[in-house]
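Order of writing sets the chain letters: A, B, C and D. Residues in each chain are counted from 1.
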Amino acid sequence: MPIAIEMSFAFRAQQPTDVLLQFEAAAIPEQQLSNTRTSLSDSPHIARIPAQDTIGERIWVRAEGRFEASYTATASIERVAGTLDELGAVPMRNLPGEAAPYLFDSRYCPADRFQSFIDAEFADRSGGALVATLHDWIAKNFTYTPGSSGPNTNALDSFVERRGVCRDYAHMLITFARAAGIPARFVSAYAPDVSPPDFHALAEVFLEDPAQPEGGAWYLVDATNMSKPDQVVKIGVGRDAADVSFLTSFGPTEFLEKHVSVRQE
Amino acid sequence: MPIAIEMSFAFRAQQPTDVLLQFEAAAIPEQQLSNTRTSLSDSPHIARIPAQDTIGERIWVRAEGRFEASYTATASIERVAGTLDELGAVPMRNLPGEAAPYLFDSRYCPADRFQSFIDAEFADRSGGALVATLHDWIAKNFTYTPGSSGPNTNALDSFVERRGVCRDYAHMLITFARAAGIPARFVSAYAPDVSPPDFHALAEVFLEDPAQPEGGAWYLVDATNMSKPDQVVKIGVGRDAADVSFLTSFGPTEFLEKHVSVRQE
Amino acid sequence: MPIAIEMSFAFRAQQPTDVLLQFEAAAIPEQQLSNTRTSLSDSPHIARIPAQDTIGERIWVRAEGRFEASYTATASIERVAGTLDELGAVPMRNLPGEAAPYLFDSRYCPADRFQSFIDAEFADRSGGALVATLHDWIAKNFTYTPGSSGPNTNALDSFVERRGVCRDYAHMLITFARAAGIPARFVSAYAPDVSPPDFHALAEVFLEDPAQPEGGAWYLVDATNMSKPDQVVKIGVGRDAADVSFLTSFGPTEFLEKHVSVRQE
Amino acid sequence: MPIAIEMSFAFRAQQPTDVLLQFEAAAIPEQQLSNTRTSLSDSPHIARIPAQDTIGERIWVRAEGRFEASYTATASIERVAGTLDELGAVPMRNLPGEAAPYLFDSRYCPADRFQSFIDAEFADRSGGALVATLHDWIAKNFTYTPGSSGPNTNALDSFVERRGVCRDYAHMLITFARAAGIPARFVSAYAPDVSPPDFHALAEVFLEDPAQPEGGAWYLVDATNMSKPDQVVKIGVGRDAADVSFLTSFGPTEFLEKHVSVRQE
């Protein structure tokens, strides 16, 4: 079942300002895109660069005055959604250079500080079974609370206050997974059934790939339970939300509006 | 003048523990290595993976009991040490995918929070001249104070307390540069004249490359003034210290000793 | 010239909840109150207790459903507003037990961390002249920005981001003063010309009292410059905003509305 | 059984520095002191002031060069050590002005952030039974780890890392209790069996007093389980450790040594 995406946002820059955008569905094998259309306000300079891990693209624009971006696309997802419980961990010595950086602390995910907690509470599990348990712990203990977090809220804050929005849920799961020695990254995405409608955020963990005995693969995990992995349209990935914001401004801008619609057709 | 490196460290793991090491000088064009010798305690599994931006390598080991690593090498540096003041900024639209991630906030470098400070104090400068000014601001206002910082100290802490060690100085400069829209990364290195002798940490900023009108290059900056760019032997790079620790343990270990000697021959 | 105060607010508690209120002008010698009228929704338990330093009162209520509080009063201020510049510091050995606790770190004022900054930038001044300089530093470097701070914002955050609202300005001044060895406390108040109209927050510093050679007195300082000390109607004092909130709820409540009007008659 | 205390410490101030000391056992009804002897290095100014809640005294000294303080005393404790489990909470409306400030957030105890956790995990208990449960939670989940915390470590840090020393244990219990609406304060003390020998820190909670139907009383709780309430010799109390340090220096000092011996005779 294809997924139809319609998205637009607008902001205002009083003076010429460099802005980095990332809002298009990524052209990667697991998602087939059609009818894509990106529309941007006039800008003296527009440049596209590959985004992190070459998943998706970022767009540099130079904005002045009101600036609008809009995007429509239809995506068909062909993603193998493994049952986490049955997947083993990739032995650390087999972690490739691509996955190892996702073990380290990042802006919103100070994983190192959670080693004691993880060791004390979850030492009896590993790999996908551990990730499933971490997912359930967050789902059980967190309350989805729009407005409760902000741009400075990290996983330590969320852990104490036990609430947040999708980005905070993703940060918590990523932090826990890394503390347990499992590479984990942040995924920005479109997904149906996200309420209120908006960009969505999930985690992705690196576990064994039954198809490659010595290798591994990334698996989506949504601690909010709002999306299903086979309906998630990935925009981009990163260490955490700092890497895949839909809008990063290098100067003062005023955000005006945003509309996101994602429907299963 | 070649630089002679001798380094060793030891730690103890009570139970089998995965540890990621990164301590060898990177085999990159700007530094010619000879007489290199790496020695590690016996381990059931040793695996090398490319480190960040393919600068240097990381080594996975599985340690149990006392574990020792030692390294010797001689390095000849052929690095163009430009005068920062004369280098312009790379226009953001020309920043390649490789450099853009070094604009984002990382574990120890919450750059976004410093935009007001940078705008208010340094708005009249840009590019290399701005980096030189930021370097001088730190050198003037910070006091090098061994023991004053720890594994949780970020650039916000250092900014307020105005003190730290080389890693804190590097984090501060990286944070300031990113807040000003200049990509900046963390460099772990060997350098003579570091006092007390230890691994060293510096920043690297991405500015225009006079040899490539449309491109850019990375330039070393040492806010501590302890090293000279043409005597720095790079080990690896990362978003910040979280990415290039010489030892990252995924389980409890007891650190025992470390010896670092770096001499100009 | 008397100052006329009209204030009301309302909140809702889904279940019986203990709430501590503090919104009445304090009955202290320096402010003569008339026509005071306090009105509260019905509550099974209402109890008044003296507030901090016996300045003003706190009111315990047990709220359920919609709860409203309103207050009107007219205040005449007879406060000696000394010229800060001419007041010396009270030697620490003469600081009374009443003032000494206001040297210590509190929730929003981690003064200890600012000793290096204060010593480096302001070592040539002391007493009232130093306070005036600290006031001017904040007034010059901070931007009054409604919405930029929240309940977790402390003086360290404000110092880095250089912005905030009246409570953040007060926290910054208190933090600086304590770091310089000058007792400082937080004052909740009504004042005309506060924009937008709301409760106001200021700092108070303990300096010498020309009338008592061996003693000292508290002096109001408003880093926002929105109020004049001889027009400030004090509600209460505390270590910082944690101590003198107009509403502290010990259970979940939904805040509904607030109206504050303060006019010079 | 009397408790014999011997304590000494020394520090050095390069230039004349004001220092506030608090190390003597408090002269309060519940502890009878004999053979007390306080010895201080010469100081041009020594002044005693009442400490917080008039429990104990603080001593101002002006130090230059090496400064030593020593203290010996014998204390007999006559404290009613109630069984926490049987004590009810004091209804908030009955909390006196003396106890209410100990509900608020302080430097190391950001209680407000823990309301969700307390409500979710411990909603079925109240009063002394809740305090006992909180004590047991900390005792079970925390690991006593000398060196793991520092002067900036607050209860949020300890909660995440699940370790610390006596001061961190006390901060955690105080934070939890306040989040549950129970006034709690920090107690600095001498106690036998503290290992390694040092000043000790505990919490004190305000619960009903069976002897005064409408009132309440303070009860000692030691989350580390190292001391027994009837062997604790109180030095002073405060919001948290920021208020009752044995040495608070208002200028740079170098700490040299400390010896604490507390024995049951």
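The definition used in the following text is that a residue touches a chain if its C-beta (ideal position, glycine included) is under 8 Å from a C-beta of that chain, and two chains touch if they have at least 3 such contacts.
These are the chains along with the protein names UniProt gives them: A, B, C, D = Transglutaminase family protein.
Owing to the predicted nature of the structure, the values given are computational and were not obtained by experimental measurement.
Touch-path distance (fewest steps) from subunit C to subunit D is 1. In summary, the pair subunit B and subunit C forms a contact in which both copies contribute largely the same residue numbers, shared numbers making up over half of all those used. Centre to centre, using the average C-alpha position, subunit A and subunit C are separated by 42 Å.
Counting partner chains per residue, subunit A shows two or more touched chains at residues 113, 152, 157.
Here subunit B touches subunit C in the complex through residues 113-114, 116-117, 120, 141, 143, 156-157, 159-163, going by the rule given at the top. Those residues of subunit A that touch subunit B in the complex are listed here as 18, 20, 45-47, 49-52, 54, 58, 60, 62, 91-97, 100-101, 103-107, 109-110, 112-113, 151-152, 181, 238-239, 242-243, 248, 250-251.
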